[in-house]
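First the structure, then my questions, so here it is.
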Amino acid sequence: MKKIAVFTSGGDSPGMNACIRSVVRSAISLDLEVFGIKYGYDGMIRGEIKKMESQSVSNIVQTGGTILKSARSEEFRTKEGRKKAYENLKKHGIEGIVAIGGDGTFTGANLFYDEFGIPVVGAPGTIDNDLYGSDYTIGFDTAVNTALDAIDKIRDTAASHDRVFFVEVMGRHSGYIAIQSGIGGGAEMVMVPETSTTIDDVISKLREGRDNKKGSSIIVVAEGDAQGSAHEIAARVKIHTPNMDIKVTNLGHIQRGGAPTAFDRILASRLGLAAVEGLINGQKGVMVGVIDNKITYTNLKLSISKSKPLNQELVRLTKILSI
Amino acid sequence: MKKIAVFTSGGDSPGMNACIRSVVRSAISLDLEVFGIKYGYDGMIRGEIKKMESQSVSNIVQTGGTILKSARSEEFRTKEGRKKAYENLKKHGIEGIVAIGGDGTFTGANLFYDEFGIPVVGAPGTIDNDLYGSDYTIGFDTAVNTALDAIDKIRDTAASHDRVFFVEVMGRHSGYIAIQSGIGGGAEMVMVPETSTTIDDVISKLREGRDNKKGSSIIVVAEGDAQGSAHEIAARVKIHTPNMDIKVTNLGHIQRGGAPTAFDRILASRLGLAAVEGLINGQKGVMVGVIDNKITYTNLKLSISKSKPLNQELVRLTKILSI
Amino acid sequence: MKKIAVFTSGGDSPGMNACIRSVVRSAISLDLEVFGIKYGYDGMIRGEIKKMESQSVSNIVQTGGTILKSARSEEFRTKEGRKKAYENLKKHGIEGIVAIGGDGTFTGANLFYDEFGIPVVGAPGTIDNDLYGSDYTIGFDTAVNTALDAIDKIRDTAASHDRVFFVEVMGRHSGYIAIQSGIGGGAEMVMVPETSTTIDDVISKLREGRDNKKGSSIIVVAEGDAQGSAHEIAARVKIHTPNMDIKVTNLGHIQRGGAPTAFDRILASRLGLAAVEGLINGQKGVMVGVIDNKITYTNLKLSISKSKPLNQELVRLTKILSI
Amino acid sequence: MKKIAVFTSGGDSPGMNACIRSVVRSAISLDLEVFGIKYGYDGMIRGEIKKMESQSVSNIVQTGGTILKSARSEEFRTKEGRKKAYENLKKHGIEGIVAIGGDGTFTGANLFYDEFGIPVVGAPGTIDNDLYGSDYTIGFDTAVNTALDAIDKIRDTAASHDRVFFVEVMGRHSGYIAIQSGIGGGAEMVMVPETSTTIDDVISKLREGRDNKKGSSIIVVAEGDAQGSAHEIAARVKIHTPNMDIKVTNLGHIQRGGAPTAFDRILASRLGLAAVEGLINGQKGVMVGVIDNKITYTNLKLSISKSKPLNQELVRLTKILSI
């Protein structure tokens, strides 16, 4: 292998730049040429491919977002689109690619690998931490800390007014951000897609808190919870608790940006190097990850089809600590 | 004057604790006894009044919220309620009070002063910076920095995806948070209650940006803008700009909490001392503030009836810098 | 087991309060009575022991330091001192203790357990991450992020002036903080006690950087590096590089404080529960930890006598990424 | 006036980039061409002058440091050096310059203006806030908040161990950072060059605190205090207070970097516009500033020769609040 390329795709996550930097510098350190593809699959099709040097990635380890930009590509969903993309890679002599992104990115990468046989290593870049084959994804730790920082601020207000706050965090199919920011934020309850919590459960918990002289309560809701959005849940709870002062906040897009935490920068750096070494060592059609703090390679098919269960220890911990 | 009391009322704002601390320690330094009233007017009626010592306010200068808590009081709107409150003050020998809060707090304070003649000095504690009689209110600078920090994070995502973001910040009647966080965040446009911006203006600005090769744009919307909420505005803009990738975030309650900035701690500390000295020097029925960096006392009636105009220099600055 | 106690000892670390909270609430949830001992071993001897309720630990999960305070105890080094301490525990009917701290704390705990047979479970609370028997210690992740935040700031200045910065971080015997903040901060070099780096190595690296047109360089030095302090190293390097603009910063005590990160709050919460369950299940004379993300109990003797090697993968990563 | 240039010089300060951005965009908005000069006077001599567009300053409002870099210039101290610099400006048709920096920068700017008559407007960019002619300098508010954030962390440790901390902050000739971070951080004492504090004063204050049952104390020392560095002061105090646990931290260079606060971004934006408008309106040999929140222009000679006194209200406030 002489030449590889790297790109980001799907929703951005903090640490993607640290991962790009690691791929570029690892490649150069290991005597490869390395190219950056802008705007993900879309840029691959349009030929937005440029050689990168060590200096191209100076001073980005600390930045959110992605210098290679990201975009959705309808065209890549077509056979012709993928063919164009492949030909652009060939034109530059690119023999292997590192795809940084999530579920959707890897579905495309897997198809691309199946059709054209080009070695692909995926690096898990998503705040949701929902990828099978890695204990952590790049951006998750930062997103949790951003959510936590917001919950800390909200607690100030909740405590000053003896209020109940419903805080909605990201996680359409996964409660990872919710459960971690909930435990970290000392939440009274966490509602996640993986477990079933009824409106009655919420009401009981709030009444129990009131009986135990809790002034305020915080309930963290993952956006994908079966009971609906935080606003919907709060509205239904309110009907039964007319004397409680209930407020709702949806943290929204702030969870995607910001300077990555140390954890995410180091994870991104490790995975970037491991992705490059994977390509050199003949890995293809895999996602690189860390399991029990060790580098692993998981078949892309597996990583996109299997789901990662929520840590039940944390679910139990939430209950024990919220008395 | 021998004994005074302090309380917080209305929405909490970062720096209220620094102000409470300053009132308490200034009073003690100037040989007064000082009492804390919990839960604002409500606690005054219920008699939640306790003597405070220098140690009672240790280690709170850096905390958000208010250790004296805050609450709405229906009862204080009645003559009987206010009478009970006054009698509770008398019982403790309290001869003057410092009321930390906003518009609503001062309306109550003014009425109370009119009816019972008890010397009241208000200290402006609200994130909205909308009080006539002070260039700045306690909590405003922190709220602006919190909003700015969120906008910085959102810009990472906006820039990575070439997106347009509408960001809603607090300010029902006032565009102060919006204009300051907009300039600080490099927003392309700021929509505030004080000026009129049409949907067409927004669309023109976005198209102009696109023509000038701006990848992304951020539009900050004060919650009280005449065109509606950020969600409503974005929905109407979207109809005319189907090819733009438009997202909306409402920052919500995180703007109220958090550790106060240096600016707010110092402002709060200065105003706390000035409130106590005001009482000692015979001020009554006034709000303490800073104008051109000097301590001033403004009649409460004025401060609640007159509105503070938005700084037009900042409005112009936004336009010049968003090219 | 009916009654247990918890205390903190040695240098404070962020997350100790989250751990205290978890011990207290876990104990109550699992039907134990729980006591807090103030000022570590010193308070145990002086009898500063108080029953704790669920509310005693409200609103502390997000705070740095330790509400139970910490102190050195000369008296506990004597047999009589330890006897007094033991009798105070007996007086309250305390049958097991959770000791939150580091090396020194556990040495005392181990001796105490040996002499009096009282079940002790240690929870690793130290920013140094140098305890055998746990992949992470409570406070380490926060300290790394604090150091990283400082390095990010320093990089702004270094880059603006094309400067070389030596940044000293904590770690008398261990390079964990240095290596992680170095990788995260994009440092050109990391000097740690576990590996040998000569002054010539530093000079070569800086010259290599200059030849590669690096404007600025950052070198992170663990306080325990064999070459001396950052100031000493910089002075020796300067002699040979008179044209380089070299500055030094020692981050010092800011690394110990601050609101704990999500990682540290969750780790502290998990270890607190596991410590209590350990006591209930008959563990004694052990330290609770996490290895490969699973709860483990390691004999205290082992944990204080064996050293935890630095992750060699990270050492290699630093070199590869600093080209 | 058709063409102007902007540069930064001297120590960098947070908000310089926001000011550069404002100069560039204001110039373009007002139909001027604008050039950026790299590395201050040094780059002016070497001819590192480049035209800037609106896009040249995209996405920098939030960054620390200076994209135009800064450097010392020995050559500019010579007549020949300044002549070369002037000729380089002429070559590009530059008719006016905006110099962002502090004392040293303005001394050079003033000389340059005197000798060659080229219109110069200085913008005060320094964390020290020591320039006559402006209530605030760009970077000061950020530096104070950075110092405050550090003091907040240190307080966690101080309180946990009942310690005395001496914290040294920047300010060789000026106590502004010290007094503001001291009040904001709830310091027991602030030692600044403008007032005289003896070692005996420190010892009395610490003993008084101990007698009042203060667990911990924080003393903020400006680097230019007459009693010496924080380390020296602490060493002398220690001799007389052997039973106190005294620690020292020097915050160092972290105070110069980091994302600017809202206050600094807005100040920098206002001053950038005012500098450009100043040039257009015939200002020359002046520094732009804000006094009582209004834009002012002060003769450069005045601004470098007169000193700005410390706010005595804040000195008194420190004493009152530290009981």
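Just so it is clear, A, B, C and D label the chains in written order, and each chain counts residues from 1 on its own.
Basically, contacts are C-beta pairs under 8 Å (C-beta built on N, C-alpha and C of every residue); 3 or more make two chains touch, one makes a residue touch a chain.
This one's a predicted model, so the numbers in the text were calculated from it and none came from an experiment.
Q: Common contacts of chain B and chain C?
A: The shared contacts of chain B and chain C, listed by label, come to A, D.
Q: If you average the CA coordinates per chain, which chain's centre is most distant from that of chain D?
A: A
Q: Chain A to chain C: how many Å between their CA centres?
A: Measuring from centre to centre gives 28 Å for this pair.
Q: Could you put a whole-Å number on the gap between the CA centroids of chain C and chain D?
A: Those two chain centres are 35 Å apart.
Q: Between chain A and chain D, tell me the centre distance in angstrom, where each centre is the average of that chain's C-alpha atoms.
A: Here the centre of chain D sits 39 Å away from the centre of chain A.
Q: What residues in chain D touch two or more of the other chains?
A: 152, 155, 159 - these are the residues of chain D that touch more than one other chain.
Q: Looking at the whole structure, which two-chain pairs count as touching?
A: The list of touching pairs comes to A-B, A-C, B-D, C-D.
Q: Mind pulling up the chain B residues that touch chain A in the complex?
A: 8, 11-12, 14, 63-66, 69-71, 146, 150, 152-157, 159-162, 165, 247-254, 256-258
Q: Which residues of chain C touch chain A in their complex?
A: Contact set of chain C toward chain A: 21-22, 25-26, 28-30, 54-55, 58-59, 61-62, 135, 141, 144-145, 148, 152, 155, 159, 180-181, 183-186, 212-214, 259, 261-263, 265-266, 269-270, 273, 292-293, 313-314, 317, 320-321, 323.
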